[in-house]
Each structure stands twice: as C-alpha cells, then as structure tokens.
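First up is the structure itself, then whatever we jot down about it.
The letters A, B, C, D and E name the chains in turn, as written, and every chain counts its residues from 1.
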Amino acid sequence: MWSFSHIANEMHEWLSKTFNPTLTLIIEMVIAGVAVIGLFAGLGLVLVIMERKVSAWMQIRLGPNRVGPKGMLQSLADTVKLLVKEGLTPDGADKFLFNLAPFIAMIVAMLLMAPIAFARDFQLWDMNIGVLYVSAVSSIMVISILIAGWSSNNKYSLMGAMRSGAQIVSYELSAGLSVLAIVVLTGSLQVSDIIQSQKDGWWIFKGHIPVIIAFVTFIIAVTAETNRAPFDLAEAESELTAGFHTEYSGMKFALFFLAEYVNVFIVCAIGATLFLGGWMPFHIGNWTDFNHVMDYIPSSIWFFGKTFFLIFVIMWFRWTFPRLRIDQLLNLEWKYLLPISMINLVVVTAMAILKWHF
Amino acid sequence: MSKEINHKEPSSIPPSGGWGGYIKDVYRGVKSLLVGMKRTMYYFTHHKEIITQQYPDNRETLDLPDRFKGEVVMPHDEKNEHRCTGCQACELACPNGTIKVITQSVILADGRKKKAIDKLVYHLELCTMCNLCIVACPSDAIVMAQTFEHSVFDRNELTKILNNPGSKIMEGVE
Amino acid sequence: MLNEELKTKITELLPAATFEEGGDPIAIGWLTIQVEPGDWLSLAQKLRNDNSLLFDYLFCLTCIDWKTHLTMVYHLSSTRYRHNMVVKSKLDRNKPEIESVSAIWRTADFHEREVYEMFGVNFLNHPDLRLLILPDGWEGKNPLRKDFEDAVNMIKL
Amino acid sequence: MYRQTEIINDASQNPSLGGSGETGDLIINVGPQHPATHGVLHLVITLNGETIKKVEPHLGFIHRSIEKMCESLSYRQFIYVTSRMDYLSSHINNHACALCVEKGLQVEIPPRAQVIRVLMDELTRIASHELWWGAMAMDLGAFTPFFHAFRERESINDIMEETCGARLTMNYIVPGGVMQDLHPNFQNKVKAFMQLYKRKIHEYDELVTGNIIFQNRMKNIGYLSPEDAISYGCSGPTARGSGVSCDIRKIYPYEIYDKLEFDEVLETAGDSFARYMIRIREMQQSIRIIEQLIDNIPEGDFQAKTKAVLKLPKGDFYSRVETARGELGVYIVSEGGTTPYRIKFRSPGFSNLSVLDHIARGSKLGDLVAMMGTLDLVIPDIDR
Amino acid sequence: MGASSLIVLIIAAVAFSGIAILISTFVLKASTNKQKGEPYECGIPTHGKTWIQLNVGYYLFALIFLIFDVELVFLYPWAVVAKSMGWVALIEIVIFFFILFMGFLYAHKKGALKWM
C-alpha cells in the first residue's frame, strides 16, 4: 500500500544500496531538512489563507478573492511582499538580540516537529520521552518572545513581552497536567505508544468525562501558550499596537508570524495525537467491517484532518471572543484551570487504576 | 511623592459563593461562550448572509440614488445651451469658495449688451457636496451628478470649467 | 425656580450683580447676570452650594472677544431643579484675569484651559493651566481673538 | 461633591519621573496613531507596572477651529461645517445649529419638517451607536461584531443616501426645515431596516453582551459616581450610566419630542457595563420613536419660508440637543449681521473626555481601552 | 531517524530563516532617514528610557511557576508508572497534590496571585 512510511523505507533501501552508510546518512539528512522546510513554508501559507477565510466567513465577508482561484494564492503574494520589505532594526535596539529572537522562534518551532507522527510509522524521531520533549522545548518559545520584546527598546514591546512571559509560563502548568492525564492512562511518554494505545478507540471517547475535561483544558492552555486570541495579550492590538513584535518588519516579522502559525499547528498535532488518536483511523470496538473501511483512508489524512479540525477550533475562538485582561487571564489559569486539572489528574489516575476506561 | 491611587478591585464575576457558586460560574461562563461560538458558526456555514459588495466588479450594476451628491455639473442640451445666467448666486452661497463665475458681456442680436458667463470654474478639490449652490441657483442651471470616482493623478485636473466651450444660454432663461 | 425668584435670590447673595435684560430673549429665557471678576468665585461657590439654587452643572464655559473687552460666559444648570442661568463677567482685554472655578465644577478644568489658550485669559488658581489643544510651544496670539491672523494657514475668501 | 483627584505633575517638568529608574513609572504615548484611539487622540499615560497612575489627554491634532471658521460664514453656510464636528451624528449637529438660528429668526417649522428631522435624528443615533458597538467590541479584541454592526449601519446609510444624497455628512437640514422632501422609498426602507434590526438584535447579546469575558472586562470597571458625572459636565450615555437624568429630549424637549413616547434610559451602576447597556437600550428606544413616526408623517411643506439672506437679531442664542454622545450646545452671539459674531459649540465629547483621567486611575492598561470605548469619543468632536 | 534529526532541524531552521532574511536584504532598496530608527510610539517621540526597573507583578508568577513546574517534572516519571503501581500511586499523588495545594493556598492568601 502506498504510504509515507513505505516511500521512506524504499528510499532508505535504495540509498543504502547505492551509497556508503555515511553518504546515505548525509543524503537522508538533506532530504529530511528540505522536506521539513517545505512542510514549514507550506503550513505557513495554508494556515494563513485558512485563517483569513475562516475569519471572513464568520464576519460575513468574502475574504481574499483576488489572487489565484478564490484568493487561494493570497498568502503566496503576501510572502513575496514581505520578502521585498525592509527588515528594519531600530537605532536604540540591542541589535544582536533583536536579530537573534526570530531565529530562536524558528528553531523552537522546527524542533517541535521531531516527535510528531505525521502518518503511520512516519516520524522523524520516535523518542521515548516524546511528550516531555514537547513540553520542554515549547517552553523555550517564551524566551524568544522575551528577547524580542526586551531588545526592541520599545515600551509596547516590553509590556507585551512581560505579559507573555507571565502568561506562557502559567499556562504551561495546566497544559502539562492535562497531557499527564493521557500519560497516566497509557503509561508511556512515547508518541508511538500513545497512538497505539488508541487502536480500539480514541482517548476522548474511551476516557469518559475526565479526559474530555483534560482535552478542554489542554485546548484552552495551548491557545494561551501560542498567544492566540482571546489570550493574545502579548500582541493585544488595541492596547499595545502590536505587542512584542511592534518593531519587527519585513522578513523578521514574517518569521515570527510563521513560527506562531507553525506552533499552532504543532500544539494541535499534539492534541490530536494525545486525545484524538493521531494518525489512527476511527475505530469502533469490534465492528470489523466498519474498521476496515476506515483503514482504507490513508493515515496521513486522518492525522491532518484531526489537526486541522483543532486548528479550526482555535481560529473559531479567535474570531468569536473578546480578549481577556492580563489579571483575568492569570486568574483563569490559577483559580480555575490549574485546580481543575489537578483534581482531574487524580480522577484520571483512579480511573486508570480501576480500569474504568475501555 | 505620594500616590493616592483610588484603586478599584479588578473585576471578576461577583463570586456566587461556595463550591456550588464556583461550579455555577464555570457553567454560566462556558455556556455564554458556546452561545457566541454558535453564532459565528452559523455565519461560517451560511454564506448567503455575506454582505460584501465587490465594488470595482459591480460597476455596471451599481445603482446610486438620483439624489446622490457626487459633483456639480451643468447640463447642456443638444444645441449646446445651458441655463446659467451668470447671476453668481451659487458663488455667494458656497461656503468654501468652490465656484467662481467669470462673466463677460455679450452683444445680443438686437444690439443690447447682456451679461453672460464666460467660464464657470468649479474646484472639485474644495467642494464638500453640501448642495447649497444647487439650492441657491434660481434657474436650475447646475445639478449634482452621481459620479463618485474622482481620484486623479494631478490635482489641477480637479479644477473644472462647467460650461462647454462655445455654449450659449438657453432661450427664455432670465 | 422661576427667573424672578432666582433674581431675588441672587440679589440677596450678591447685591452688586446686574441683570441683563433681553439677552437671549426668545430662547429659553434664561436669567443673565453680570458680575465683576472679583466677585465671581464667591458667587460661584454660593450658586453651587446653596440648597435652593444648587447649580451643579456647568454645561458651557466660554469667552467672547468684544474687541474692547473680553466677556466670560458661564452657562449653569441645576440637575435637581432644572433651572438655568447665564453668568457673564467683563474682563480687561490686555490683562484678562479671573478666578478659576475648576475646584467647584471639575468640567471647568478643560474648558478653562481651552479658553486660556484661545483667548489668553489667565485663570487664577487653576491647578494645571497649560496648553491643551494648541501644539506645545505655541507662541503668539490667541487664535479665537478677533485680531488673530494666521498668515500661513488662513484661507481668505 | 466630587472626589478630588490628585494632580500628578507632568514628567517633562519633573525629572524624577520619566524613566529615571527609581520610581518605575513608565510613560507611554497612546495615540495619535493607535488602534484604540479611533482617530488622532493623544494620551500620555503614566504606568506603574500595568496600573495606570495618570492619563493626560493632549488634544488638537484635528483642531480646525470650526468656531473661528463659522465667524466668517453666513447662517445658512455655517451649518454644513458642523457636520464635520461629530461626524457620526452629523445630522444632529446640523439640527442643533438650525434650531439655534431658528430661535433667533423666530420662524415656525412646519410639522412635516419637524417629523422628518426627528426621524433622521433617531436614525443617525442608531447608526452612531451601531458603529460604537462594533468599535467597542473591537477595542476589546473581538473583531467579528464590527462587521455585524456595519451590516445594520449600512442599511441606515443607504436610507440617508437616498433621501439626503450623502451617507455621512448629510447636510440635510437648513434653517426653516429640511433641504429636500423625503424620498418616496423612505418609509419602506426604514421599515425594512427596522425588520432587519429586530431580526438581528439578539445576536448582539449572543456575541458580545452576554459573553462572560466581555462582562468581566466591563463590570466594575471605570466607576463614575453621579456626583462626579455632574461635576465633570458629562452628558449623554456617559452620565446616564451613572444614573444622572440628562436626556435633553426629555428635560428640555425640542421639536416634537414632548409628544413622543419613549423612555430615558438610565442605569445606576456607573461602570463601563452600565454605559454599554445604556447605548444598547437607547437604540431600542430610537426604534420605538421611529415606529411611532414612520406611519404618521404629516403632509405639508418641508421647509418654512425664510428670507434669502438670514440676519439674526442682536443678542445671544443657545440651543441644546441630545446627540448620540450627549448634550451638544450651540451658542451664537449675534451682532445683528449676516454672520455670527461668535459661535461656541459645547461638544459632549470634550467634557466626557475630561473624565477619563478620573475614572482610569488605578485600573489596568487594558481597561483604559474599554473605558475609552464606553465614553464613545469622536475626536473631531473633541477638538472641533 | 533518531537524535541526528534534531541537528537537521536546527540547521534547517537557521538556514531557512537566514536565507529568507538574506534574500530580503538583497532584494530591497532601503532608504535612510533619521525617523526610521526611532522606536514606534504612536508617532510621538518616546518619553524617558525604556529599559527601566519596571514595577511588574509578573515575577511573582514566575516564582510560583518555578515551584509548580519542578513538581510537574517530578510527575512525569510518576505518570508513566502510575497505572502499574496501582493504589500506592494514587495515594502518593494525593499527598503530593495536597502539599502542593497547601503551598498554593499559602501563596494565594499572601496575595501573590493578585495582580499588581
């Protein structure tokens, strides 16, 4: 059957036959790098046009409709525009850090790609601490925002950076706790194990209400962690004009922009993996016929479908809700989400021990 | 320096008190959010509600009401005649000095001298479309046109002479 | 309170006040009084605090340049009794000075700053008498005075 | 009596402030090029952390000296200028000026003209509040309501365009009546608009009013006591949110407002949410007024006979009307000539803005945006 | 691909960003003027220094976060084995959370979670 893993294996075999092992490794690395860059850029283009269309339809508008068929090439045109714009560095800025920040943002976003299973057996590195790795690496994102905001020598940026510092670190807790709920249920940190455990049903279905609560907490927390509205305090357009990237322009701004969207993709992919079964098709208990039909849909389509559904939900939030104020944002985390997810984790543990899940 | 800031408590939902209130708050909050999401989802799926006008594409069907105040024009009939007597009422009525009436005296066929307009200069760039000149005109010589795409590259082009070259005043208009 | 009653009441409070007849005769028929700048602050306090007057709403504060003198105009209203009154005060055009009433009606703060820059009236004891509308460092005449001419920006019709 | 607010010196005069590092006060300019100021308002904000210590408005970016300008225009001409003051309720501005001139001329306005004026006033009020609603939600970060508000506002603008010939600065009112008669389609279109409005009004609650985040952002924020509201000269929804009855249409009725049935909307909470609710409910009252009038427009002239050149008698004239933002006063001092000797526009925004510093102190930066939204500031109205 | 993929990813990220920025510097024709380098503050020259000691309440959150995050890291190994350990794990975590919660309540009572 045609699949990503099949292609990868074929290629690996052919390369091993043709070249010596070192060269094979290097060629594979180059191919992987190019593929990731392509995925990265492609995701940026797709997510931007998706966001614009979603927002337009929710706002009874048409959205971009000039470039390409139904405006689908709009984000490509925007990229070209950003490419020829001047990336200005303000005079008063800390130039080194100012230019470093977008790189950090990009590296973090890129590193998070490693443990994601895009399709059946198609993963860059199926590390045994996959979930821990994700939550560890995603913490670095805040550093790039802090650097960007601080080094800009702009008061709006500084405020935005400070806000996002408090915000991201706070929400990491409940995101981590809700991830732990799944880890408790599966007993493994490895992404492939977690997906395998959902062979006969996704966790969101077989985990009863506690897992649904964990899922909702997770979605809220990652929305906050990626600085998306209604938690976009770091940008807070109507208060801080553009928040931490006020001074960024041209390609440097575009990198932040891209990193933000890729981060949204990644957290949604993690959410899809943990709660919705990743690339695992939709299976119901022992309805073998039904499960077979589901198996015919390629695993990558399952994965991207689930991920994009979650991305849509996050966009849906953005175009519906007003923004929270900074103290309310932290109240929500410390007074509502954190206690709820702590209690929820205990309940999930009890459930796992009692084997109440399917 | 002393800073006596009249600090107000940051607002949160007035707590209903106790654990029941806590859960009630969460329930009410989530419900209100879901109601809003339902509304946006309705519009997301109902594309018929879209109200965007695709302006440059719908130029042909664009229907401006006949009272729309676009710019001042002076209608001429097929004999290249207009109704302006050069009385300067419009010039006086205009708050901005948009209209300048330049008159000349012409000698009529019977030898009498008569005042008539040489040029009626109209500065579109100064005009605020207030309609006062149209109201002031005793002989209905000028009207508002329904044009609205006025942008040009050189602002001198906005200074217009409303009467056609070689035009005359219509018979019977005093 | 009717104008007649107001009149007697104000004569009680400030015998020196003169009443202007015919000012705004047709309109709402507001009582108009003339006071000396020196009497204004004490009268204002009484107008604001007297229980039968209670002029607590200063809804308009402006100045008129009469070329020979300036006239401050205060439009007062009472939110309880719904009566209105106009107080005018003549100022010397070369050295216009009057007591600030911003401690009595807070709205006078901004309005007095506006009059200060537009007419050059100096409000004594105003907490923060600075330019509000005109750009910082504005020097020269006061725009709303009759002899003001802006050579650069004024369009002559 | 009002609560005394301490006067904090400007940082430029006090070198100990302004980022010397000791006090930790950050001085931030908000505006003139800022998404939340909706125009060219410039606020200098002294922040301590996220807490506002002081807000100082710097005005004048769009000051055109309309008062001076009007001194050289005739009584017919100056009305059009006032459309550019509070451009969102331009019709009501024109109305105020016309009323003041009519007072001086002592002309009787035909009943048809009065009804047309009131109808247009109320439509303008709804349009203004619609825009405010959308912009207010946008200030709080919800972008979608803005477009929904414009759907309704557009249909009002279409009505205006058809009858008055312009969408925003209508200049429809002349001393003595209105410039043109109503368009034949007017009644049908207004009815269609009212149907649309009633069909969509519940969406406002769903999207914004009932939203928990929105309520949290608005409630108990920017408290303005009734005494302060009066002392600061607030008017319109800003004062009525504090429970101060100040609707000129009720207290000093002009035109036919005394014959109409409508309520003066009052809320007593005095916070941002109260001011928000006032405007939402005011729109419904306007709809109510329009409903009463739309089928009962009397026949007759739409304009009283006036002389070609208007001359006001010597004296001063004052008219007060209720715009969408509050009380607009037009004060004309006449010397008996064809042009006013002095005109003063008592704009509602100017007084309402002065309260911003008072209510914003001690709250968060994000609240400032919400408060500015509820004050409904229109910058040309403030600067004039 | 294993751990080497991380190196690939870092190189890819740096290469991608670097190339993009390089292209944009080559393509554009930059104009220079003095105002360009000023910090953006709504068009008004900025007032005082930006890098001052801010009075922010954020750092308290950072401190509390630090405590909680360290606990969270401890939870990961626990979570992996929780299911196989059975009831002991549950009792452990309840005690653990109880202590943590007490600390949290203490911080709350002290007003550390109140925004400054």
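Keep in mind that, in the parts below, a residue touches a chain if its C-beta (ideal position, glycine included) is under 8 Å from a C-beta of that chain, and two chains touch if they have at least 3 such contacts.
Because the structure is predicted, anything quoted here is derived from the model rather than measured.
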item: Distance-maximising chain from chain C - centres being C-alpha averages; value: A
item: Chain pair that, of all pairs, has the most C-beta pairs in contact; value: A-E
item: Whole-Å gap between the CA centroids of chain C and chain E; value: 57
item: Inter-chain centre distance, chain C versus chain D - centres from mean C-alpha coordinates, in Å; value: 24
item: Chain B-chain C separation of Cα centroids, rounded to whole Å; value: 38
item: Centroid distance [mean C-alpha coordinates] between chain E and chain A, Å; value: 15
item: Per-residue overlap in chain D, given as positions that touch at least 2 other chains; value: 26, 28, 34, 48, 50-51, 144, 151, 207, 211, 213, 216-217, 364
item: Sites on chain B at which at least two other chains make contact; value: 10, 12, 33, 36, 39-40, 51
item: Residue numbers of chain C (touch at least two other chains); value: 157
item: Chain B partner contacts - residues on chain A that touch it in the complex; value: 54, 57-62, 65, 316-317, 319-321, 325, 327-328, 331, 336
item: Interface residues, chain D side, partner chain E - complex; value: 11-12, 17-22, 24-34, 42, 44, 48-51, 364
item: Residues on chain D engaged by chain C in the complex (per definition of touch); value: 2, 7, 10, 57-60, 63, 65, 67-68, 72, 103-104, 106, 228, 230-235, 244-246, 251-252, 315-320, 327, 329, 331, 333, 341-342, 344, 346, 350-351, 353-355, 358, 383
item: Contact set on chain A toward chain D in their complex; value: 55, 58-61, 155-156, 159, 229-230, 232-233, 236-241, 319-328
item: Residues on chain E engaged by chain D in the complex (per definition of touch); value: 41-44, 46-50, 52-57, 115-116
